[in-house]
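Would you mind keeping the following structure in view while I ask a few things?
By letter and in written order, the chains are A, B, C and D; residue numbering begins at 1 in each of them.
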């Protein structure tokens, strides 16, 4: 007896009217003849490239037969297609070593997301109303091409998050042909500061590579390299080696960060430095070391400015005990293989100075673990003040970037003449677009991607048919009335290959890689540090506000992946919505408990979200993971939670002009509303409080 | 026909509007419960608010509660029979009927709570074509065996002393009732041999049923105490559950008798004397219950084992404290004051105490099941629980069902054993 | 085939000194095992399913505070408390030492989940939902579990079965395969040469809730303090 | 009477086997994979592109092929979803179990009929006789 029969019996007995939801028989839908090479039960593995962040991990995708239902006219058909079942790291790739982070694995759900755009569309309503009608490719392309003729130069702004590789180069060529400025990114998670610091101090183009696996004593400053900074998979692998991969030596990690990131959580010691005091910490340590040992490769001018620094003031700024700092300086100085890894996971107004100071500290220590990157072409993404650029622009192209979400640019978007989006989804910014020209999903496209800083190139060729009426980005751009040559993967990769590598081989194995090697030679001669600048007066806005790149959603682009929505947040264990993290003391003062709704207000706006009383949050520092709070981004993300970037005031890094999204002050108030934080593990202490929830 | 018989037969004849006024709304509630269950079967067990880690809640609470109530009867009547307490006579049938119906209701809950109720029969121990047996190591299997044995036993125990009465009724009834009574009378003629056999059978059954009843509730207790969950894994649970069962059983019996007394105008037969005796019994059980409750909690508190203390804390001063202390008040303080002070002891106070004891004992099962499950060993898995409308509906419906079944029984059979109360005229041995 | 399989005794070692708590294993498990995705309403009730989870606990008070991460999955206990309580043998020990969950046999008493001290068992409260075309990602080697049955980590039994066909050289459950810090190691505990056997002998190796006598086949190498 | 599916085309196994086609020529997964596989109409057309095109049933095949739609074969054997059986053909093939053991003697069959009852009893009986694993997880996972 099955459930249906049992239910029938029960409903007869009770005489109830059956709510007959299970009575539907599957209609017989004809099955289309499948494409060649799809055999039931047979698996194939194809190399692919992960584009969920800029790290450029090579992956492999498991392809097997799957069935979907499509409509042709009035009729429905079942179609057996090659579908991707799983994405794993490419074992041949030294970046991923066959491993892959959570988000990379969930990229599959962006490919098969039920909310993907099915084909080109045209706006059918006011800006931002997100009403679109399907149109043909010809019509859509023509409408864009016709309008585009009237604009040139600064009037055109192209925002992309394409990593270095064929896509970025194609876009570059398109823009060159259009005589428009180079493409930009929105400035969150694109490591422009890290690039700039490496260029300034070493004269390198690209982000440095850190040899974590061979270091003995590592000081991390502001770089959440296990969470979301640079290439988390690469550094997690290195971290495993660093800890337990070498017989006899176990690496010791000290992490200085103004919030307990994943890296700080895994560190042996955490230095909870005040926000914006990272340069001060590094200079203070340098000063202590200079008292003990010679200046090494440190330029004299730099050594001189360190020696004259006011140590007591520096220590006061970072808020760490002097004794503790002296201990760390001593251990760094005496370690066989010390290494300082500085990054700007949360950008402050003086983050550039911290990165530069860290490079000098490595030089002072004689650290051998800073390796030069594979040089990037000059087209490396510039971000800078995108809002400013948007004001000048009339035409905006969107390729994966979401300025309405990241930069609160909805208003500027409304003022533009033409917005075209190439993304696969109707996101916050695409909602303002005039024309949607969805390009193939990354997993349906060919591409070559240069891993962040690391030597080599990852390559993928299409191995599953596009699901919908989409086109390759190169083809779309080529049909916008501008003559240029789209980049072909083979042509891009072939010249990069050494003699012992053939294109066929590279295509088969998903890329080729080479070890980074070389020495870090300081070429700059100057070190400056400044007090951090914060938006908002301390009297009015007593708390620091730090939005940070979340493990699940990165800069927000992962929010439409159901697996990531359900992944417990590593800090708060929150699912389907992210909380504001408040330290216990502040929470007590404001009578806030975990789950309570709070209003966070800055000079630029306010948001409402549930609170998480974070036992390891710095007193007076409120953090919030980025990712939720999309107005439009499909069924899994739309209208869920709050966007911390929406209340960030526009502060720019003094030295490099990058968006300092961690430099806003806020005030927090409790709201009287039913608690609403969904957590997988509400309990965060091993021995819960006696008798309490 | 004598007065006694007329009085006791009166309820069987005719149906008053008051009877229907009670029966019909309660039948609707029962029906609503069945609809809720149908909805649950259709949509999935998820419409109940159970979740990880509280995988068992209302349905299991109801299960233990009703199995507890079932001890009203059989156990009490069996004890009183064996001890030859003469005052028991008008009480026994009312008690035994409670047992059978409470068991029928309680026995449904293990099925209601299954994720896939439509294959409940996989639990029944018979070898299928693959010679696969159920797992006899599982306490749930013991449960199944114990409860079915108990149901059969208590049905017989109810039925045997009913035979002389239905034989009497068969002589006077008309229509379909006559047919029913005659079939049930099993050809009873009232000979001395039959009387003798009946009395011996009752003695024997009383002994057997006593053992079965004790073991049944012990086995129900073992569902919990065999598990290694904090505060479940306790040796006290067997006797504790048995005591609790008798306790709630007596309360149910007092209530049932009060209702019968009132609605069927049997004041003459169910006298304050009966209530007084039962009230004393209730008081005794209340004292026993508090003794066990203190033993259970004191040992945990004194032992101070962290995982157990989490549950203990949640019970006594955390989320579940209001329920815990209500339970203590209901099960101990109220009966202790109302029934312990002789001046206060009356039919009314016995009824009040019975109501609070039933509430308290339902809460006791809730307090045993839910706090333990919501505080598993690993704090990362802690959770909470509140019931859904489906669980509440089904729970409420079972109370209605109990009353409906009881009323229907009382309409068909004399709720007071006539022959015991007033011995039948014996047909002389030929 | 019959005799050969029981030569194995699958086990796992997790080095907490390597583990960063990045949850790659959690995502890998979802992808491999067709884990149902719930929704906010169900998740709020506590019905999200993660066969492997990363328990995180804070220790101490700011600023002397630490975080402990521990990936917790079915420990595949030799003396599994979940097994004897199942009335229908839906969960039992198979010849390879795996604590197996037989979906078709499960009637849904949920007793096993109550008796699991690790809280790693999950229940299907409803039939799972997969809006078109998300079903394309389903792993055809793994069952889609329906309403009313219990489920839990299987040590990726489908991979073990595939290894019977294709050789066990690269046999790894999805979580182990994905772990970026290479904190997880899987292998045959019957083979003294295997890495997992050696790690199980490591001085840092412990078993979780050892005191309960469940004899888990997952070994944790404690973090160095 | 055994269950016989009402197939869209009266496919005669017998005729094909007599012509020397072996089982795994069409059900090509049976020896190496879990699924034996029902051949695509493309495979039918490998021969029927030239052979026996005039026969009425073959014409139907050609019609399907021209419409690029698979022949909607009805499954004769199979397990209910809730049985969670992962039947793997390959190990059975390796163990030299003749196809006929489970599928009946198709050299005599004109249409595919469910000649052999497939339930857990039949599986287990055979597994017990041949000392194949009786572990539930050998098939159910």
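By definition in this document, contacts are C-beta pairs under 8 Å (C-beta built on N, C-alpha and C of every residue); 3 or more make two chains touch, one makes a residue touch a chain.
What you see is a predicted model; the values in this text were computed from it and never measured.
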Study note, to complete from the structure: Of all chains shown, the one whose Cα mean is least distant from the combined Cα mean is C
Exercise for review: Based on C-beta pairs in contact, work out which chain pair has the most and send it over.
Suggested key: A-C
Review point. Based on the averaged CA atom positions, which chain is farthest from subunit A?
Key: B
Review point. When the centre of a chain is set as the mean of its C-alpha atoms, what distance in Å lies between subunit A and subunit D?
Key: 50
**Study point:** Intercentroid distance (Cα basis), subunit D paired with subunit C, Å
**Key:** 36
Study note, to complete from the structure: Taking each chain's centre as the mean of its CA atoms, subunit A sits from subunit C at a distance in Å of 29
Practice item. Could you please state the distance in Å, as a whole number, between where the Cα atoms of subunit B are centred and where those of subunit D are centred? Key: 57
Review point. Which positions in subunit D touch two or more other chains at once?
Key: 34, 82
Exercise for review: For subunit C, jot down the residues that touch at least 2 other chains.
Suggested key: 53, 55-57, 89, 105
Practice item. Identify all positions of subunit B at which a residue touches two or more other chains, and write them in rising order. Key: 43, 116, 119, 379-381, 383-384
**Study point:** Residues of subunit C that touch subunit D when the two form their complex
**Key:** 1-2, 5, 89, 92, 94-95, 98, 100, 102-105, 141-146, 154, 157-158, 161, 164-165
Study note, to complete from the structure: Listed in rising order, the residues of subunit D that touch subunit C in the complex are 34, 81-86, 88, 90-91, 95, 131-133, 135-137, 140-141
Point to revise | Contact set on subunit D toward subunit A in their complex | key: 28-29, 33-35, 37, 40-42, 65, 68-70, 72, 82
Practice item. Provide the residue numbers of subunit A that touch subunit C in the complex, in ascending order. Key: 41, 64-69, 81, 83-89, 96-103, 105-106, 108-109, 112-114, 226-227, 232-233, 236-237, 239-240, 243-245, 250, 260, 262-263, 265-266, 270, 272, 467, 551, 562-568, 570-571, 573, 575-577, 583-584, 615-619, 635, 640, 678, 680-681, 684-686
Exercise for review: Please name which positions on subunit B make contact with subunit C in the complex.
Suggested key: 43-46, 49-56, 110, 113-116, 119-120, 122-123, 132, 134-135, 137-141, 144, 223, 226-229, 373, 376-381, 383-384
